[in-house]
Every structure is written in C-alpha cells, then in structure tokens.
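This is the structure I have questions about; it appears just below.
All chains are identified by letter, namely A, B and C, in their written order; residue positions are counted from 1 within each chain.
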C-alpha cells in the first residue's frame, strides 16, 4: 500500500495545483505521523536483514557443533547457542528472508484476492455474490494441510526458491477467505451510505465508485485481518516445514526455529524467545504501518 | 426473506457437492500408499495389501478410477452410509464421537473470543491510544509471537501441572471445566483478531457523521455507542466470527493433540496422514455445512444490524 | 513388532542388558501398601485392531496382553518358558507338539481346547481375512495353500488336533526357534464365540474381545478414549495384584506425561524425547529405564552408484560420533550401537562392525576422499517420528568431519519415504528403526538384509548371507543356529549396507499411586507385577 501512496505522492509534487487526490492527502498525513516512520524503519531493517543477512552477523548460522549445545554468549553469538550448537542470533537473522517472504507475500497475495473477490461480491450482489460467496464457502471447506500436501508434493524435489513460492502460493490460495468475507461485509455496508448514492446521482461509474468511495471504507478491517494473517502465515510455514512438505534444510526460517526451540524450552528458553521476538517485532511493524496507512486513507478523518 | 433463504439453501447443496468433489479429488491426487501409511514402518504383507486394495477399490486409478470411486462414495452417502475407515471403523461412528466434543470446544473458544475480544475491542476503540488500547496491542503481539504450538504446552504445564488450576488434559468425554483451558488457548488467536477488528471498526464509526449529528442533538455518549456505533461496527466482527466458528472446529489440531481431545481436528489430521479418503471427506462434509450455515446466519444478521441492508 | 512411533528412547548401562527385569523395580518398591481393589490407568495410543492375528503394534498388544495368556513367555535370559502351555516339544524341530495346561477358560465360560488355537491360527493365516500378522504362520506347512485371492484350502495342513489339550504343528522346514515365536500376540487362541460361522469372525468381536487371560474386558473398546479391563476370577495362572486396568488412549505422549505429573494417569510407557532432560527432576525415582529391542540405523540405497562402494559407507560411519549424539541429543536415553542385533537377544556380540564403529574424523575424511564419496549427502527421515534433532546433528557432524555438504530432508511419513525408495528415487541415506517380533538374532537379520527380506529397502543382496541364514534356520540346536547367524552378521559388517547407530531403551514413568512398574521387551507393561498403592 505504501507504494501506491509514494507513487501518488510523487505525481502530486509535480502538479501542486491539481485537485488533491485521496492518495495525496494520505501521503500528507503519513509524513507527519511518527508511528509511520517508526514502523517503516522496522520494516526496512527486517527487509535489509532478509536481503543481506551478513550485514547483521559475521557468524555462519549453519556452523553447528554439538559440543556448544545451549552454550552462553560468545564471539558474536550474542544470544548464545541453540540445541544443535548453532548461533541463535545468526539463525534468527538468516531466518528473516524465508519468513518475511512467506509472511509478507502471502499476506499481499491474500489481500489482493480478498479485495477483488470481496469487492465484486459485495458491490454487485445478486448472482455475482452468489457465485463468489459459494466459492468462498467451498474454499473454506478444504483443509489447508490436505491441499498443501497435494500441491507441495509436486515441488518436493524442486529448488529452494520454487518451494518457497509454492508455500506462499498455497497459503494465499487457501488463506484469503476470511479477509474476503470481511471486505464483502464492509462493502455491503458502505454501498448503502448516502455519499455513495450521491456519487451515483452525480453520474459516477461503478469502477469509480468502487475505487474512490467504497475501497477506502472497506480497507480498514481488511488491513487488520491481513496484518494478523501475516503472523499466522509465518507460523503456518513452520508447520508445513516440520511435516516435511514446506521449506527444507538448509533454508532457515523463524517458524522452524520456534518449533525447534519449543521442544527444548525447559532446558534453555533463549532459542525459542529470540526467533519469537523477531517474529513479534515484524508483525508489530506491519500492524503499526497498517494502522497509520489506514488512518491516512480514512475519508472520515477529513 | 423466505425466498432468500430458499435460494441460499439450493446454492448450499451445490456448494456441498462442490466441496466433497474437490476434497475427494485432492485425497485422490495425494494418494501415495495408504496401506503402507497405515502400517507405519512395518512391512505390509501381500495378503493384507490385496485385502485392503480390494475392499477400498484402491486399484481404481486414473480419471476413470476417480469418478468410479467418487460416485460410489456419493451414492453410498445419499443412502446414509459414510463408509469405513481403513482400520474398519464406521466413519459415522467416528464422526458421532468426534463432533460433540469439538463443537463444545469451539463454542467455548468462541465465547471467550466474544466475551473478552469484542468487549476489549470496543473499549480500546473508544479510548484509542490510551494505556488500555496499547496493552491490547501488546497482547495481540504476544499471541502472534507465541504460536499455539508453544502456547498450548506452556499453558498446560503452568496452569495444569504446576499450579493445578485446570485439569492438564481433557480426554474424550470432558466436562466444561476441563475444556476451559483448551478453549482459551484455541480461542487466543481469534480473540486477538476479533479485538483488533472491533477496535478498528468502533474507532472508525465513532468518527462517522451520524455520531456527530447524534452528539449535537444532545444524546449521551454511552447511548450513541451502544445503540448506533456498536451495531454498525459489529458487521465486520460478526462476519469474522462466522467464518472463525468453522475454523475453530477444523483447526484445533494442535490444541486437541496437546490436551488429548479426540475431536474433529485430530481426526482430520489422522485421516490426512493415513490417506484415509472416506474419513477426510466425511469430516469435511459436515464441516462445510457448518461454514455454509454460519455464513448464512451472518448474512441474515447484516440486515438486523444495519436496516439499510436488504436481502436480494 | 516393528513399532511405528519410535520417538522416545532411553538407555541404560550395557551391563544391565542381559537381566532386563533386574533393573525395573529398583527405586520404586518402597512406599505404600498394596491396594488389590484399585484399578490402574495406563497410557496407550489408539490400537488399530484388537484381534490377536491382526494386532502388530504396541498399543493393541498391550491390551491383548491383559485379555490373553500366551503359550510361552520369556525369562530373564530371554529364553521361553511355558505359561498357558504345559509343554512345547519337538524331536526334529519340524513337528512340534503343544500340550495345553488344563483349567483355562475363556471369559465367557468356554473351556480352552486345542481347537481354539487351531481356529485362531487358521483364521490368521487365511489370506482373504487380511490379517496383519499372517506372516507369522508362513513357516507352518500348508501356508501357501491359504494365500492368493481364492486360496486352495481354508485350514493349515500343518495343524493337527491330537486330543482336547494337545495339537501338533508341522513346519515346512525344521526351525529350532519355533517355541520362541509362540510368545507373540499372533499365537493367542480364540473362543468359539468369536466366530459367527467356521472361519468367519463375528461382527463386533473386536469391540469386546473375549480371551483366556488374567483380565476380562469391561464394557467395550471406546475408540480414541479408553479400553477398560477387570480381573477375571476364574483365571488359573498367576493372579494380578490390581482389580483392573484402564488403558487410556492418548494422541500424543506429551499429554500423557502432563497427566502422570499430576497423578491423573498412572503409567506412561514412552516419555517423549522433549521431556527426557527434565524427567529425572520431575519424577525422581518414578522415572525408569529398561532395555528395549529397538535398533536405529542409517541405511544406504546401495543400488545408487555413489553409495555402492563399502569404503564410502565405512567412512561415513567413522565420521559419526555416536557417543556425542546419544549424550547431547538423547541425554543418554539411548546407547550407541556398533552391532546389527540388539543386546537383548541371545548371540549378541559387542562391536561387530569393528573399525567402522570407531569415531575417527581424520581417517574417515582420508578414506572418504580416496573412495570418491559424493560431495553432498542427504539424510532422509520421516517428519512424524521426532527424528529431526538427531538427523540434523548427524548431518552437522558429517559436514564438519568429512567436509561435505549435508542436509536432513523430512518426508511427511515413512510410507512416503518407502514410495520414493521403491521408485528408486534418490533419497540419499535414510533412517530405519527396527523392533523385534520375537527375541532371536534371525529376526534382526532375515527381514532386513536377506535378498527377499520384507524390509530390505536398500537393495542389499549377498547369496552367501542368504545361505547362512537358511542354514541357521535349519540348525538342530539354538547354539548352532546362533553360530550361523553370527557368521552372517560378520558378512554384514564387511558390506555395511546400513550403519548401526543406537539401541533403544524403554523410558517410562509412573504416578505416585502405583509401584512395581516393569516393562518387557515388547514395550508392554507387566500387568501381573503392577501394584496400586493405598
């Protein structure tokens, strides 16, 4: 969403005389919001970690010696070593890539599907709604684990990247339903509002009404559901990987490490706490970012 | 209203068969070697293999085999026969044992979600950026940072074993008290989502024109919130809860495992793991009815909550 | 029985392995008076079946051990002794005469006769009945005629009734250890009431099995919840010291462990690996260990070119520090293995793989490079068995000691691994676990390494090995059989189709409400010794 805002904002600078667009207004608000900057910084840090993990740690997360099991902090391993004797911090840093990609991309894909389906179903109603809503019901009935096993089995021997995107695809394709129903509900409410009727009387087309008047009103609940889904997707990846259908070693992810840390948490809690904290901070960043963007886009605030 | 419901019921029949077809197809496509899956690491004798293959038509493969087995399944289903699992148990018996306890568990989780999630969400929405609001954010993060797979054993160890506040496991025929802790654990993620959804929705509706109008007319804030804001804010929340009811029933795999509750999530997991097609499709058949009905109820509720919405 | 879930293991010093019962009652015999009127609660998983010839997993056989009394049981040296049988004798190891003790009755009052054994065994061997343990009868004459879709016969020609309490078993080939086999679950008798027609098992028998053992079933098998049994007063053998047993069904051992900690459950048979490090603190002397029959190995797909050279296999074996893994990963709850058979069977010798079992990273690396081992090693395992920790640790050792890339790859379940192996897909090395069917060296060698062995998934075939096994089976005495088997094991040590890694141990615990908790070699709690505490 921030991309849209930035692009729109750049245009705005070039044409200050033009009537203020919604995105322009939003950017104006965002710039003044400290929470936006804090959360953006966090997201950028995690993204940098995902892109160039070696910037954050000099240690090799795959250099593991059993003799260092649960050893304390030393030589760059600021949080000590885990059950296998790997550097806990280095693993959390290197885990950012897979986890962030899975979380953010699944949430993004989910958001796109949910917005399109929810918007069409809620706005047009009648047979469009009937068809799309029953599709939602059908997808709800398909167990994630079953679909994941069938779909991911086909890529079990493919390269790491293919498997990563297959995991993202599976999570998104089965994970969009709740968000779509929530979007549909907000659209149904929003389209009965007076300003929509007014816009329609002024001759606005369906596309314009949906984009300008209904989307901004429907966005808020969707963002809430999606930011929380982002966290769940990261955890879901761990479940799939643990069962042998998700990511495979040597790929590192927070989910996998949280699961490993859980098993031995009564011996040493740090290997569980560190990746959990990374996960929670990332979700926090996205929740705050979502809040800030939503506030900026909310037409009722102006 | 009557025609609306009737039309929906007809659609539901189609959706029902659509789901069973897809799930059956997925089980079929994912079928590796169900007989070996059942045997685990033990070798399977030729006699055992021949017996099960014949009994469950496992040799029917390819597209033709799929439709043969699917129609065989559906025709039995229409006669009320859900078939047998690979171990020879009647699927109907398994479902009859699994569903009641899962429904109880899901309802407790749902009650916890509504009672604490929605209430706290309303309060946080009214007092945005207050200490209370921020602490609900921290709670959300805790729930997200500690996934169920960690939370469930932690809760079991501390609340069940160490401080003995709850029974550590629930078992097959638990009383409501034994289900309370698993219900809270299961409901925690729904609670966090419902909380944030309500908060956002309330905060947004508080800024709507009609609130300003109502306030300028001199209405008390409490009345504005309880009558106007809440009704409008509840629409996305109710929608979420409607979907979540089914999710709580099918998605309790970890919770049911940790607290030893032989419910639907556990059986679904077992069915998928042992490639037990009839068991999985049987569970999903009931599950999809739950989704269809709860979404129908939610759609009817829209009109109750917001009189401007009409049935089409 | 080869158990599906080999997740939890324990270990004891090697010294105890011969006297398995000796260690059981160590710390817990003291406190409290015995309460003969109390029932105890024991953890099991949902049994797959409760018909003797169809039950080959631990949970089902634990329940059946309460309901049935075996022909023979095993003493401390793992030699069979008679229980329900008066005698089991043979002059040529081919025709065996089984005499039954008088006075045994089924729980419905039926007197136990030779017919009950013949009916049960014929039912088990008849292929269309699809019984899991039918292969136990394959040594009996006439077994072949009962196989196929439309078998030529309905009964085993090798089974003959002599009188009400005597029958003979004729084998196709002489087999010196037949008596040892008879202790297994598959050889229990079935009452007439179990059959609705000759050779047809009554619908619902399985839901409330009728046996001739020390306990009878109370109510029916409540699936996924529990099976309850109570003392059978007319049982003529050794009487149990508790009034009844509730076998409580658990999906996960972690849940059972939590229940034992809070006295909601009396016995947990396998303490989960994740609780091992704290079990001694949590349970004190109520945490117990005893030898088990399981053996954990890493197997090579010997049909793959990169692993076809025994030198490569030997180098990999030498690069694995077994002691460090059993210590750090398993917290000494398993013990390092350097032989192909478990210490619990007669004929076991320590360290039969010799130099290949010595941890020597420098030599291993030189050997590996000289033999041209692959630069990337994959270790495949089933993700549902709790194997991730040790597989990852083994991989890390191979990485460090051989200078290769190594990844542990999880398959969702063992069946998926087997599907890949059968299709000869490259899976790299893969893990295997073995739990014996009956205490004999043959059971560790035949199914796993003979050319047509039921669990020979590595494509290993050595005619000399097959020949020695066949000679062992026909040997006139057990001692001579063992000599042949040991010679066969020596061949394995040269070829190394698998690397032995660890011996498993039972690793169990109990609440404060019971005492004298002991476990046998088949992962079953000894129900006759178990006592409740007042």
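Convention: a residue touches a chain if its C-beta (ideal position, glycine included) is under 8 Å from a C-beta of that chain, and two chains touch if they have at least 3 such contacts.
Computed from a predicted structure; not experimentally measured.
Peer 1: Which pair, A-B or A-C, has more C-beta contacts?
Peer 2: A-B
Peer 1: Using mean Cα positions, find the chain sitting nearest the overall protein centre.
Peer 2: Taking the mean of all protein C-alpha atoms as reference, the closest chain is B.
Peer 1: Quick one: report the Å distance separating chain B from chain C, using the average Cα coordinate of each chain.
Peer 2: Taking the average C-alpha coordinate of chain B and of chain C, the gap between them is 39 Å.
Peer 1: How big is the gap, in whole Å, between where the Cα atoms of chain A centre and where those of chain B centre?
Peer 2: Distance between chain centres: 22 Å.
Peer 1: So what's the Cα centroid distance for chain A and chain C, whole Å?
Peer 2: Spacing between the chain centres: roughly 47 Å.
Peer 1: Please set out, as single numbers or ranges, the residues of chain C touching at least two other chains.
Peer 2: Answer for chain C, listing residues that touch two or more other chains: 382, 384, 412, 416.
Peer 1: Two-or-more-chain contact residues of chain B, please, as numbers and ranges.
Peer 2: Expected reply: 153.
Peer 1: Residues of chain A that touch two or more other chains: which are they?
Peer 2: 149
Peer 1: Enumerate the contact residues on chain B facing chain A in the complex.
Peer 2: 7, 11-12, 14-15, 18-19, 22-23, 26-27, 29-30, 137, 140-142, 144-150, 153-154, 189, 192-193, 196-197, 200-201, 204, 207-209, 232, 235-236, 238-240, 242-244, 246-247, 250, 253, 268-269, 272, 280, 284, 287-288, 291-292, 295, 298, 302, 306, 308-309, 312
Peer 1: Give every residue of chain A touching chain C within the complex, in rising order.
Peer 2: Touching chain C: residues 62, 64-67, 69, 83-85, 149, 157, 241-245, 248-250, 260, 263-264, 266-267 of chain A.
Peer 1: With touch defined as at the start, can you tell me which chain A residues reach chain B in the complex?
Peer 2: Result: residues 125-126, 129-130, 133-134, 136-138, 140-143, 145-147, 149-150, 153, 177-178, 181-182, 184-186, 188-189, 192, 220-221, 223-225, 228, 231-232, 235, 238-239, 258-259, 262, 265, 272, 276-277, 279-280, 283-284, 287, 294, 298, 300-301 of chain A touch chain B.
Peer 1: Where on chain B does chain C make contact in their complex?
Peer 2: Touching chain C from chain B are residues 32-34, 36-43, 45-48, 50-52, 54-55, 87-89, 93-94, 97-98, 153, 156-157, 160-161, 164, 167-169, 171-173, 256-260, 262, 266, 273, 275.
Peer 1: Under the touch definition given earlier, write down the residues of chain C that touch chain A in their complex.
Peer 2: 273-275, 277-278, 321, 324-325, 328-329, 382-384, 388-389, 392-393, 395-397, 399-400, 407-412, 416, 425
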